[in-house]
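Common to both upcoming complexes is chain A, partnered first by chain B, then by chain C.
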Partner chain A sequence: MAELPFPLPDLGEGLIEATVLEWLVAEGDQVERNQPLVEVETTKSALELPSPQSGKVLKLYGAPGEVIKVGEPLIVFEVADDTAGIVGTVPSEDAPKRRVRLNANLDED
Partner chain B sequence: MSETLTTSEAGAGAGTVTLSLQGALNLALDELLAEDPKALVLGEDVGTLGGVFRVTSGLAAKHGAERVFDTPLAESGILGMSIGLAMAGFHPVPEVQFDGFAYPAINQIVCQLARMNYRSRGAVPMPVTLRVPSFGGIRAPEHHGESLEALFAHVPGLKVVSPADPQQGYSLLKAAVRMPDPVIFMEPKSRYWQKGEVVTEAAAAASAAAAASAAAAAAATNDGGRSLGAADLTDAGLTGARIARPGRHLTLVAWGAMVARCLQVADLAAEDGIDVEVLDLRWLKPIDAEALASSVGKTRRAVVVHEGPRTSGLGAEVAQLVTERCFGTLKAPVERVTGFDVPYPSGDLEDEYIPNIDRILFGIQRVLEYKRG
Partner chain C sequence: MEMTTGRHAGAAVHHTVEGTDPGLNVQTYEPEHPAALPPVLLIHGFASSIALNWEQSGWISALREAGRYVIAVDLPGHGLSSAPEDVDSYSPSRIRADLLQIASDAGARPIEPGHPDSGLDVVGYSLGSRLAWEFGATQPAIVRRLVLGGPSSRDPLAEFDLVAAQRFLADGTPIEDASTAGLVTMAQASPGSDMYALLSLVEAVKEEPFDAAEAVPKQPLLIVAGEKDERVEGLEGLHGLVPSAKVVVIPGRNHVNAVTARAFKQAAIEFLGEG
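Moving on to the complex of A and B:
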């Protein structure tokens, strides 16, 4: 298993920090990709951050009311080694499928 | 190490470990850093994070942050720094995080790294191995699925190599880093998590010692190239192509992730009575032309398969090398099954872009049914 940290992402419009309002997951939870993780408030608005991937929540940073700067640790996941790549997903190996059959008269060799 | 080493207990597999390609590359780097105090690993996120594919996981903690370190997000700087370190006597193993991010470093690679040895008449060799997670197949965005082997192979002074499986990854990375020349090491990122048996150098040395006292056993180890004995881990066993599967009727030439696909195709072709040989080219510069001639001289038919675009792809070079050597005996022109002459597509389309099983079978069929005149 591998540990995968997820820092507070750039929330856009030049925002540099956000205040934690409420955690929607707890340490030890198994989360799915796109599941809401936390509600944060910026100077613009309150918003829910979706999980960038599935995995087990190892550690949460920031109690409600605390300020986290963009790029600082927000959450650490524990993920299986074969899903630890941060970009992309490796398709599972399926049994090979074919539609084309070969046809040759090799006797002419 | 994020990969658990499990020593196989079966007699035939004694001394082997089961590793993913990622784990095999990690082990090779670990052993290289241990044996060579001049070896360094550098790149974006290779240190604290352990690389986006975990290839350098644990290496900074074990070998120190002075020898395994994170760089700024600037590929030109990563290569420039590596060139300077090589001038100062180090053996850098830089990583460019993805194929498409090698473009910002092209000036350093082509104009400096590749030429310094030539320019200095051998006084300033460049023992730099640039690791590039390469090729497609992981549903990633633009710049994360490209095949740059033809670009790099075109540059005098560079060597280019791509491993197809964990054993090749382990052995070829060690061979590359020990070379005095700059090597572009193209890791097939869609194969990082596929596991295989790996004979480590320590195990191979022990096996060679045992074989010396039982010479008769040596002849029984050849099973067509799917497993490696001690001889395959010597320099001579790592400089050229290898037969991944022997066959009589047609040669499929491939490298990187396409080797595994061609092995699947060979199994399917066997259902139709066609015995396909799969030649894993491994080194893409220089190309092992003699291995091509030997294989196609026997099968008299060849199909070359690669992910990159067709025009001026390495398939054209392979076809010409085969034609020069086998023109008189070829049953058909060498067929190419390749990507298309378009920018690498988004993940939804990559199964259509990368040569799939049916496209390769069609290529084989075109060769099989070719009639002269």
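Moving on to the complex of A and C:
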């Protein structure tokens, strides 16, 4: 398994930061892609950020009321090594199983 | 992601209401697994849009996930709707007529006993709540349930100092009235806002100010507001007119950030899921 950090994305409109309103997931949760992760507020509006991918939540950054700048870490996922794009660290006992899970992305829109 | 962007109802159906095409952007969204419940019409607030009030806030995905077919409209001069020059295009009565036509074109039909998917549920926020209140009161045959977010029993737009706002925009003269200054700041902060159109809307609202007692909705009603929303004090005015209304106050939230609150979405989805 590998750690995949996800920074606060560019929110457009020249926004440079956002304030955390409420986390909708907790450390240890298994989340699906597009599942709502967190509510944040900018100087222009409030918005809900969907998960960029599936995985287990390892770490959350920012308690409610704290400010996170665009590009700073927001959340860290634990994902399978090949998903994270890391080469050469796949444990051998897991490798054969992963090869047959080719239909995992069927429900992505 | 194409599936969630919805289709433009205006592309298929072109109706004029009172002789002119309102040029309103309408977006509809199919549910993931349709529930036997009516469509949900979403009406956003002043200086907001479908994108800000409903999409990026997570409302559309939450409603789709709850099995609801969603009809969303950008108000005139907002979002992707056109910004007509005549003030009449922005009048609340004209907008309500357009909403009725839009809902009907999108497939909403009158409430019919024994048909749980007949009728129309309506969710409004801020100015959208005022429109939803009046829409429900005047269209009892089609509107089944109402959710009003961040509503006001008074009318902050009717009390808006238009002359002071125009002077501020022309030469920067400070606006004395705090409510007017706040609304102008909000309008200026709103991405892609058309200040001329927003002031036309204010002008039209001043001609038809909100009088909640004039027409009171008879439908089941849910009122939701942030605890720190300055409008929360006025909720009692609406609650007094509809004593059966359910009221939910979201702790720690204000008029801007109550929109995304999970507690708001959950309360609305639960309330609109009742038969």
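FYI, the second predicted complex is superposed on the first by the 84 of 109 C-alpha atoms of A that agree within 3 Å, B and C clash if a C-alpha of one lies under 4 Å from a C-alpha of the other, contacts with A are read in each partner's own complex, and residues count from 1 in each chain.
Keep this in mind: a residue touches a chain if its C-beta (ideal position, glycine included) is under 8 Å from a C-beta of that chain, and two chains touch if they have at least 3 such contacts.
Nothing here was measured: the structure is a model prediction, and the numbers come from that model.
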| item | value |
| --- | --- |
| Chain B versus chain C as contact partner of A:Ala2, first or second or both or neither | first |
| Of chain C and chain B, partner touching more chain A residues | B |
| Footprint overlap on chain A, where chain B in one structure and chain C in the other make contact | 109 |
| Chain B-facing residues of chain A, complex | 1-2, 5, 81-82, 84-91, 93, 96-104, 106, 109 |
| Chain A-touching residues of chain C, taken from the complex the two chains share | 1-4, 48, 52, 56-58, 61-62, 189-191, 253, 256-257, 259-262 |
| Chain C-facing residues of chain A, complex | 12-13, 21-22, 24, 34, 36, 39, 41, 43-48, 50, 109 |
| For the chain B and chain A complex, residues of the former touching the latter | 2-3, 20, 22, 49-50, 52-54, 57, 98, 137-141, 144, 189-190, 192-194, 249, 264-265, 267-269, 272-274, 300, 331, 347, 357-358, 361-362, 364-365, 368-369 |
